[in-house]
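Presented sequentially are two complexes of chain A, the first with chain B as partner and the second with chain C.
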Partner chain A sequence: MRRLAATLLSLAAFLAAWKLLTVATGTPDYILPAPEVVAERGVRAIGSGLLWEHTAVTLTEILLGLTAGAATAIAVGTALGKSVVIERVLSPYIVAAQSVPILALAPLLDIWFGGGLLARVLICGLIVFFPIAIATMVGIRSADPLLVEMFRSLGATPGQRTARLEIPSALPVIFGGLRVGVTLAVIGAVVAEWAGASSGLGVLINIADQGLFDTPLMFVALVTLAVIGIGLHGLVVSIERRVIVQS
Partner chain B sequence: MSPRRFTAALLVLGLLTACGPVETPTATAPLRSVKLMLGFRPDVQFAPFYLAQQAGYFADAGLDVTIEFKDGADLMRLVAAGQPESGVFGVADATDVMISRTAGIPVTYVSTLYERFPVALIGPSGTVPTDPAELAGKRIGTPGQFGSSWHALLALLDAGGLSAEDVTIRTYPQFNQVDGLLRGDVDLITGFRNNEPLRLELEGMAVDLLTVDEVAPLPGPGLIVGDDLLGSDPGLAAEFARAMQRAVAAIAAAPEIGFDAAAEAVPAIGEERETALSVLEATILLWSTNGGRIDQTAWESGYETMVSLGFIDGSVPVGEMTSDVAAPTP
Partner chain C sequence: MTIEAARKRETAGLPVGLDAVSVQFAASPTPLEALRGLTLDIPAGSLTVIIGPNGCGKSTLLRVIAGLLTPTTGAVRIGEGTDGLPLAGDGRVGLAFQQPRLLPWLSTLDNVALPLTLRGAPATDARPRAQDALDRIGLGNAASLLPAHLSGGMAQRAGLARALITDPPILLLDEPFSALDALTREAFDGELQRLWMDRPRTVVLVTHSVSEAVRMSDRIVVMTARPGSVARIIPVDLPRPRPATLAGDGAAAGIDTATRAALAEVHPPELAPWLDR
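On to the complex of A and B.
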């Protein structure tokens, strides 16, 4: 109850500061709309079905991209953590892929992969991959050396060591990577939509911003993305609490 | 006489007879610093502004112009929000002016740069319908659901009794729809008729065009200014427009000077001289031939089209979207 009150108080303070800024600076709505203007536009966008139409598409891309990207990242991160040779071979490519601006690469990926959902999930997954893979690698290597030695002395196979010791002990770090990854998934979906899509919140931002010059609607899309990010982050934190307590 | 030379002659004649003598400030008068916002990215099509800077046309008008590149939406907002003392101008699509003005962004179109709407549907030779009704079922690539390309596409479909649901639209937000057409991912693309056809022909694809001008005329891009600046100093907008039209006329008469100015401002443009010069020559054919006078008939017709397509609701009269403050003197 106290946590909810603190959250609501924080939200109220944020909205008050936003409103104050628009009043104090006299900024027109087409530059920075006041919160009540955004809220009114949001209600209209919800009422017409426009917001949900685009949100559903983006949510699908986020969930699929996050799932694919995180699963691959955990598998690759585990391999990197367990084998120095694999790390030496793959690391340059992984770091290079992370260093290339995805904004430049995304339009090409969109063309190469047919411009559909697959291309957008792939772009989203690529953005999610790096922090989770690195977190997994670090986590796998953080297993207590004494416990590793004990597993060896008890005759545990490498697979048993990984499943019963290294992954459980890596979970706090993996979840740290997932917390970063889940917010990046939101950005990844928008970047993918900007590379080529006909619906989704990234598309709605473009339509509102460049097509309709409707700044309040653009803010509605931005707020929706923020809410999705906060919601998914909260979900990961909630799962983390349950999983880590159990393990 | 070739179309280019004819256009050039018209431009020069129009400038000489319509604009009258250009008043120049005294040599000691300080220049007024203003900003010019251009959309998209540096391109040879912006040659008039490079030339006006380098040849002193802006200085003759008492202006010290700094050019900046912004995307369409930011451009519109920055021009509208520009304080009178900062003097911000922009070049924007007329159709975007209609939408932004209706959305409450106070910008006014003061001088025509492109007399003809530059967007067309482009496809391999022999595959482009001449009747918009035959667009049904086609796969069409376009940058997105915004801007002049989108407006032109919907206007063409509407002229054929169709809507966006009757075709398959693939978006290329990075403006790389040419790649999509070359790969065969789409049947047709939207593009500027002074640009994309040349690029496709360079790649070996002969193309045909269906231009929006032929079936649903829309006014072309031009010079815009914020209402605050226009209200407080209408003479400034007139001087800016005259300098712009002076450069347009000079380049129409001798495209090479436009190319040289663009190449000096943006060296990358000079690396492909023949292509850039071809684009510039094709662009000249679209420019205003009457000193930038606003074609009210085209605006009214385009306004009706934009209302019928649902882009604007008609709440702001078309007369409030343009100003003849920079019209050439009869």
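On to the complex of A and C.
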């Protein structure tokens, strides 16, 4: 209850500061719309179905990209964590892929993979991959050596060691990577849409900003992206609380 | 009952032989020598106590017997016959560690059942056996607790239950009761003695307590300071079951004195000023 009150209070303070800024500077709505203008535009966009149409597309990309990226990252991260040879061989490519700006890669991937949903899921998955793979690798290696020895003494197979000791040991760190990953997934989806798409919140931002000069609508799209990010982050945190044993 | 009588009955244990075993760990600037030329024969079904100064390689010795560590030089053999090399996890050795080493995310019950489930036993079979094992050591009510909610002594008892659940022919106990209060410890020593008399498997018990050594063992192996080897073997031929206190027992007092004298001899000289206090 107190936490909810604190959250609402900070939200109210944020909106008040925003409103104050627009009033004090007299900034016109096409540069910085006041919060109630954005809210009114949001209600209209919801009513007309415009917002949901684009949100559904982006949300699909995010969820598929996140799932594919995280699953691959956990598998690859486990292999990296278990084998120094695999880490030596693969890590230059992984770091290189992460270091090349996704903004530059996105148009290429869009062309290579046919410009459809697949291309956008790949771009989104690629940006999600790195933090989760690294977190998994670090987590796998953090398994307590005393417990590893105990598993040896009980004759555990390498598979049992991974599934029943190393991955459970790594979970807190993996969830840390997932928290970073979900927010990057939102960015990845927008970047992918900018590289070539006809719908989605990233497209809506472009249309509102450069086509319609409808800055309030652009803000509606931005707020929606933020809400998706907060929602998914919250989802990861609540799964984490259920999965990880508190001691 | 005398030791001879116990030995004559069928033993569930295997003999262990160590021949000039040395262990060196890579360390800088010089390698760390944990054991040097340690030779020891542990008869099947005997209860041997290892005692010695801090850091003399007692835990290293147990890890060598368990097959967790290969000696740098020297040979180890378990049992008679050809497959005498120790092999970690082959089921012949049960280990109770100094630190209980429980998985923090499993209940106490599932931790104790772990050796069974790792061997592929279904949970429906392993859990009742683990519950039995917990009941026997007085932890029945703690079955659903996570290790973080156990006291140090409770966690050690759970570790012991886990080591016993597969009924291994060789049981290696590394100060298994060090976190227990004195009375509980004596009760568990008594329980362990009874378990062993029922079914004399080979037990190697590491302790720092001379009185525990005298009460429990067939013979006390006193180790030298690092690098560890055998300094003295003191036979303990007292009738069993032995009570918690052997005060007033002349033979026991003699063994106690001999053990303390042997320990004082091997004590690192830098600790000598504390010995007489």
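The rule is simple: the second predicted complex is superposed on the first by the 245 of 247 C-alpha atoms of A that agree within 3 Å, B and C clash if a C-alpha of one lies under 4 Å from a C-alpha of the other, contacts with A are read in each partner's own complex, and residues count from 1 in each chain.
By definition in this document, a contact is a pair of C-beta atoms (placed from the backbone, for glycine too) under 8 Å apart; a residue touches a chain by one contact, two chains touch by 3 or more.
In this text, all values refer to a predicted model and were calculated from it rather than measured experimentally.
Taken together in the superposed arrangement on chain A, chain B and chain C fit without clashing. Within the superposed three-chain arrangement, the count of touched residues of chain A is higher for B, of the candidates chain B and chain C. By the touch criterion defined above, A:L154 reaches chain C but does not reach chain B. When the two complexes are overlaid on their common chain A, residue A:L4 makes contact with neither chain B nor chain C. In the superposition on chain A, A:A197 makes contact with chain B only, not with chain C. Angle at chain A between chain B and chain C, computed from CA centres in the superposed arrangement: 160 degrees, to the nearest 10. In the superposition on chain A, contact of A:A24 is made with neither chain B nor chain C. In the superposition on chain A, A:A96 makes contact with neither chain B nor chain C. Of the two partner chains placed by the overlay, only chain B lies in contact with A:N206; chain C stays clear of it.
Of the two partner chains, neither chain B nor chain C is touched by A:V85. The least CA distance from chain B to chain C in the superposed model is 50 Å. No residue of chain A is contacted both by chain B in one complex and by chain C in the other. Only residues 28-31, 107, 111, 114-115, 194-198, 203, 206-207, 209-215 of chain A touch chain B when the two sit together in their complex.
Across the complex, chain C meets chain A through its residues 63, 66, 68, 88-91, 93, 95, 97, 99, 101, 103-105, 114-115, 118-119, 146-148. Considering their complex, residues 146-147, 149-156, 160, 164-165, 168, 244-245, 247 of chain A touch chain C.
Chain B contributes residues 71-73, 76-77, 80-81, 96, 99-100, 103-105, 144-147, 150, 169-174, 176, 179-180, 183, 185 to its touches with chain A in the complex.
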